[in-house]
Amino acid sequence: MLIDSPHWISIIILLPILGAVASFLWRQHIVKIALTTATGTVISVGILSWQVISNGVQCYELGAWNAPLGIELYVDGLSVLMLLVTAVVGFAISIYASAYFEGNKSKHFWPLWLFLWSGLNALFVSSDIFNLFVTLEIIGLSAVALVALSGGAKAITAAMRYLLVSLLGSMLYLMGVALLYHSYGTVDMVLLSLRTEMNPAMWLIMGLMTVGLLLKTALFPLHFWLPAAHSSAPVPVSALLSALVVKASFYILWRLWIVVFPLDNDAQVGLGFILGVLGSLAIVWGGVKALQQTRLKLLIAYSTVMQIGYLFLAFPLASIMGWKAALYFILAHAIAKTAMFMVAGNILIHKGHDRIADLYSTVQHLPLTIVAFSLSGISLMGLPPSGGFVAKWLLLEAAIVSGQWWWGIVLLVGGLLTGAYVFKVLGYAFIQENSTNEPRPIGISKRMEWTALSMALFAIVLGFIAPFVLGIMDIGSPFTKGSL
Amino acid sequence: MTPAFLYALVGIVLFSIGLYGLILYKHLLRKILAINILGSGVFLVMVALAARTGDAVPDAVPHAMVITGIVVAVSATALALALMLRVDAETGQAVLPEDREE
Amino acid sequence: MEEISILLLFDVLVGLTLVWLAWQTLSSLDLFRAIVLFIAFGLLMALAWVRLNAPDVALAEATIGAGLTGALFLSALAQLSASTKRKDEENKIENS
Amino acid sequence: MNFDNWVPLLIVIIPLFIAVIIFALAEDKIKTRSTLNIGASVLSLGLVGIMLWGVSKGFHYETRFSFLPGLDFVLRADSLSMLFVTLSSALWLLTTVYAIGYLEGSPHRSRFFGFFSLCVAATLGVALAGNLITFLLFYELLTLAAYPLIVHRGTQKVRRSGRIYLMYTLTGGALLLLGTVLLYSITGTLEFVASGFLSTLDSSTHSLLILVFVLLVSGLGVKAAIVPLHGWLPQSMAAPAPVSALLHAVAVVKAGAFGIVRVIYDVFGIEFSVTLGLTLPLAIIAAITIIYASTRALFQDGLKARLAYSTVSQVSYIILGVAIAGPIAAVGGVVHLVHQGVTKITLFFCAGNLAETLGIHNISEMHGVGRRMPWTMTAFTIGALGMIGIPPLAGFITKWYIGLGALEAGHGWVLIVLVGSSLLNAAYFLPILYVAWFTEPKGDWPAEKKLGKYETSLLLLVPPLITALFVILLGLFASLSFSALAWSEFIISKEFLL
Amino acid sequence: MRKIKLKILEKKPSLFTRLTLGILMFLLAASLAYAVWSLPTQALGLSAEVAKNVEMSGVSNPVTAVLLNYRSYDTLLELGVLLLALFGVWSLGGVSANKSSFVNPILDFLSRFLVPVFILFSGYLLWVGGFAPGGAFQAGAVLAAAGVLLFLNDWQLERKYSGFSLRFVLVLGLVLFVAIGFGFVFLDRVFLEYPPQLAGGLILLIEAAATLSIGISLAALFLGRDPSVKSDSKIDTGVHK
């Protein structure tokens, strides 16, 4: 019947595209079209995930041409979770954006965002590295256009810098694809994993593709473009960027690192050490910079730079537990960061500014928003009972079991730094300024506060459903080399 | 030194020149030019190496990829130029803030 | 034997001019000159594609790479110089 | 999942649920908020009573569901947890009554009582935790829930002390987490087992286990205010009285001490800890804390600051008793959990009364206050004497058992510490009593308020009297079967293989 | 076109940075050259598979076969990228090109002569794509060249057509591609799988729609702003004919 038809993989890519086209055509009821598309996409992702969870990995040959010639789509546990987190975050952002944008801006927001969503879905299911290049381009261009949407000198220059960085990253990646294709005759990941072997050309390919993708993931030395872009973009867009777009290029690097690159275990540990060190620098640097920020959105943007550092701690561990911890970090961070940006958005609209020092007595006017901030803060800090805690626990355990305990120390230092800046903001929110002279607060639509709170609550619930989520991660054992 | 490797070498040199120009020059129009040259370099390497099929018809898959690449490049250039004009309109200079010399 | 070497010579020539054009495009002071050089570079690339017997790509490069991208650049340059000229006038009015 | 499995979860969920409702309540609905609060505490007290009766009859109450692969979220009612749960829920009821009276007319009470019941839920969770990870979960929840209460007033000073509190407790939490993960990676299980589950491990892991012990104890030591880590406690005295009463006398501080008792008994096991040579250094640190904190208390003019330092020293009695590793001293240590809680809360209640009704914050302003507020001062006196250890009050029992146990376990020097600290206690409590009772009041009080026809509103007066009564009863009827002492002996009998 | 003399004297970056960057680029180029050099001199890549399946693909030109049958999913996303760039450019609002009131007679004559030729040539390219070099993208680009010529002559799309109908044509290529690709799923085939005997015709149909959309999109990209939006932006000073 319809439910167990194998075509849901293509539907989750085509539905947002058609939604984008429809919202571009019929501008007068754009929000209705967009929200129905968003719901449809979430449902189809749900059905696909249910199919994969119940009867395992799905492989889908487009145009019925098998691997070397045609393009294959492949969905395993890792892709399902990335799709699910994109669906959840995407749906929440769609609801938030429907109240956030009005008139002219929403006319441009929805087509771009729905295209971005379809690019993300296409990226997470594809197993063809050139196809990944095209999806990366879709995500890059739409993200840049979305950042530029908020107008103003800061946003436009940030979008320009982001576009240049994104194009450079894509070109480096494409050079890697070209060399890979011409060395091994195929662009399909599964076939590549069988054919690649270590030779000087391979070292260069790995270098190029890793640097290209690190540029787009904004790992520490290459993160210069992220704070400006994520903080000057409109709030729903910065939530998208921090939660999903940055993770998309990380996902590709991850797949390449595990499946395509011919790295045996101690090569993974050796090379991974460099990424681990960069990750630790990102954590310390991001944390310290976040502490110095006076504006909330910039603080949250630097916290993204830090959280990305956590993901790269899993590379030197090269153990399945380490990879699962990194994936859990992605899920927890995506949801908590979305909630936090929504909070920043509410405060920005309510008070007209997001200066942290003047956040006094927001507790009275926006109680739900402050609760959302503290819950998502708990998840970012990695305090129980949140998703962040489970991720932190798994990574600590993986670090100790693999004998590299120093990554665990970095993790704990990161947790303390996060605690410092989360409570710095909370501290200001509790000040008892005589709130009588507070200008009559502009009413934020309840929808925006409730979406922020529900995402924050979901970040906490993520701490309780760990066995279920970790079970999904095992489908198709994505973290072992020969499996894909 | 078959033409394939010669053009591949040219492609690599173009790639380096493009990267050099992108990093070094300040004006945004020049940076976008550099990105296009970078792209042409990669495409040249892609198609040059596809011509290593001796006297048989060269491999068509890289050709298709390069055509796709060219269209992506033109779309990205169009967006980059539009953004550059907005940067110029907003800040008075077609240069990124960190490159402005006051 | 020499027939191959002539073609080889031709390829080397095309390659060198390509590199020279690219270098000149980026390092020339005047933007208009850079764009014109870039268009020439695009056409020469089309020639390179023909030499690598990739006619489809040659056509695409000629029409999109050289033609359309060149047009985009020129239009952008026109608007850029128009806005700088307008700003100069405004400055002149202010300080005059 | 019959009733036995639900009770522990229910006890923790009730205050959690109430917290959410109170958060949503509007500020002016005082009546519903108070009834909700008191109703919840009475209900949970009832449940605790049922469980108390059940545990003594040998029933087995446990809630378990899987939380992480290989790790479960476990709430279990064993003898040790019952002691702490009964103490917390009883004092929770009294403090709620007191807080309703104390915060009459002050702003943001919905927020206060919301976080207040969240704290209680966390404390009950800490008490009932069946394994180290559930303990860690509620331990961190307690850190978070206590912060908003400390910064409730929102003034600059209070926020500074909140920051200090966070610095200490978050670092402590990180150390505890590291220790727990290290332990889990060695043993593979974190379940609390009557006499510890580490003794069976081979000797190669001993050095790691010592590191684990140090990490766990330092993580818990922050909350138990052991000397080097106690800095935050006196700072956070700026919080409102009910906060310092419940949190710093019962919930937060006891969670640390209770945690150390759990680690020594149910993780390492007392014999194994002795063989590892861990208990002696711990006992020495506890002794140093007692002496140091008592001397610092001498020089504090602020009443609540002095009480804070006395809390720091009293909590270390528990650790001292447990660290001596003799069964009798252990009974003394465990029972002191209850005695110290009850005595200290009385003192804090009285300090709160003085501050609320007469605006007295320092001891120098307490001249002749006995005449103005006789009932409060009698409760204060009972509490103070109980703290010093005058028979037949509760404090004496503890010191007697710890002294006896120390002698029996061959640690003579502990006796000197006990005597010394009792003298110091006397040195900083008796002057207060003298000033209050035997001197003339100097003119009018700093900020006198007329609250009801008695010396102060009943809501503020009754709780300290009840707790003072408890101090006496716990001392007099210690030998009865259902008294705290008997219950502690019941706990220790399981720990020591008598 | 007035002589645009735009000499932005770029402050030359210091010799040191240029030198170090140059050396770095040289090293990169050298390692790339070595990597390419170490590749086998003879490599058939996928040309064998392409040749084997060409007659199954409905077209004889291998590149078009790859583009529109074997890897048609890439081309689909490709059209998406083009449309996305257009959305981006339009969302930026764009500074409207100021129309010079003076029409250059030579350009006017040339465009009257060239535009029909371009359109004819674009049709030919589209048709020839099946069995010789050509195809949707090249044809679309030629169509766009015609559009560029028209815009240079201050040609203006009537307000009536610059609204929904323009947007419909822009998205036509992508929508038709998706429709045909997904249509056969209901005849129990996989997405983007064409029945072999119909493949040729279907590919031509898709290419036709794609050419139209690509041509109009590239021309719109040249224009730089949404024609349906009244150019109320204050910067616009051009005089409209």
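Here the chain labels run A, B, C, D and E in written order, and each chain numbers its own residues starting at 1.
Note that in this section a residue touches a chain if its C-beta (ideal position, glycine included) is under 8 Å from a C-beta of that chain, and two chains touch if they have at least 3 such contacts.
Since the structure is predicted, the reported quantities are computational estimates derived from the model, not experimental observations.
S.K.: Any chance you could name the chains that touch chain C and chain D both?
M.R.: Both-contact set = empty.
S.K.: Mean of the CA atoms for each chain, then the mean for all of them together: which chain is nearest?
M.R.: A
S.K.: Would you mind checking which chain's C-alpha centre is most distant from the centre of chain B?
M.R.: Comparing chain centres, D lies farthest from chain B.
S.K.: From the C-alpha centres, identify the chain that is farthest from chain A.
M.R.: That would be chain D.
S.K.: When I count C-beta pairs in contact, which pair ends up with more: A-D or B-C?
M.R.: When the contacts at A-D and B-C are counted, B-C has more.
S.K.: Just give me the whole-number Å value for how far the CA centre of chain A lies from that of chain D.
M.R.: Comparing mean C-alpha positions, chain D is 43 Å from chain A.
S.K.: Roughly how far is chain B from chain C, going centre to centre by Cα mean, in whole Å?
M.R.: Centre separation, chain B to chain C: 11 Å.
S.K.: Rounded to the nearest whole Å, what is the centre-to-centre distance of chain A and chain E, using the mean of the C-alpha atoms as each centre?
M.R.: 30
S.K.: Please report how many Å separate the Cα centroid of chain B from that of chain E, as a whole number.
M.R.: Taking the mean C-alpha position of each chain, the two centres sit 16 Å apart.
S.K.: Would you give the residues of chain E that are in contact with at least 2 other chains, written as numbers and ranges?
M.R.: 8, 10, 32, 36, 39, 43-46, 50, 63, 70-71, 74, 78, 81, 84-85, 88, 92, 95, 135, 137, 218, 221-222, 224, 235
S.K.: Which residues belonging to chain B are in contact with no fewer than two other chains?
M.R.: In chain B, 9, 13, 15, 17-20, 25, 27, 30, 45, 49-50, 52, 58, 61-63, 65, 67-68, 70-72, 74-76, 78-79, 83-86, 89 touch at least two other chains.
S.K.: Among all residues of chain C, which ones touch two or more of the remaining chains?
M.R.: 31, 56-57, 60, 64, 68, 72, 75, 77, 79-80, 83-84
S.K.: Which chain pairs here would you call touching?
M.R.: Applying the touch criterion to every chain pair yields A-B, A-D, A-E, B-C, B-E, C-E.
S.K.: Any idea which chain B residues touch chain A in the complex?
M.R.: My answer: residues 15, 18-19, 22, 28, 31, 35, 38-39, 42, 45-46, 49-50, 52, 61-62, 65, 68-69, 72, 75-76, 79-80, 83-84, 86-87, 90-91, 96-97.
S.K.: Looking at the complex, which residues from chain B come into contact with chain E?
M.R.: 2, 5, 8-9, 12-13, 15-17, 19-20, 23-27, 30, 45, 49-50, 52-54, 56-65, 67-68, 70-72, 74-76, 78-79, 82-83, 85-86, 89, 101
S.K.: Can you name the residues of chain A that touch chain D in the complex?
M.R.: Residues 363-364, 367, 371, 374, 378, 381, 383-385, 389-390, 392-394, 396-397, 400-401, 408-409, 412, 415-416, 419, 423, 426-427, 430-432, 464, 466-467, 470.
S.K.: In the complex of these two chains, what residues of chain C are touching chain B?
M.R.: 7-8, 11-12, 15, 18-19, 22-23, 25-27, 31, 34-35, 38, 41-42, 45, 48-49, 51-54, 56-57, 60-61, 64-65, 68-69, 72-73, 75-77, 79-80, 83-84, 87
S.K.: Along chain E, where are the residues that touch chain C in the complex?
M.R.: Touching chain C from chain E are residues 1, 4-10, 61, 63-64, 95, 97-98, 125, 132-135, 137-138, 141-142, 144-145, 148, 218, 221-222, 224, 235.
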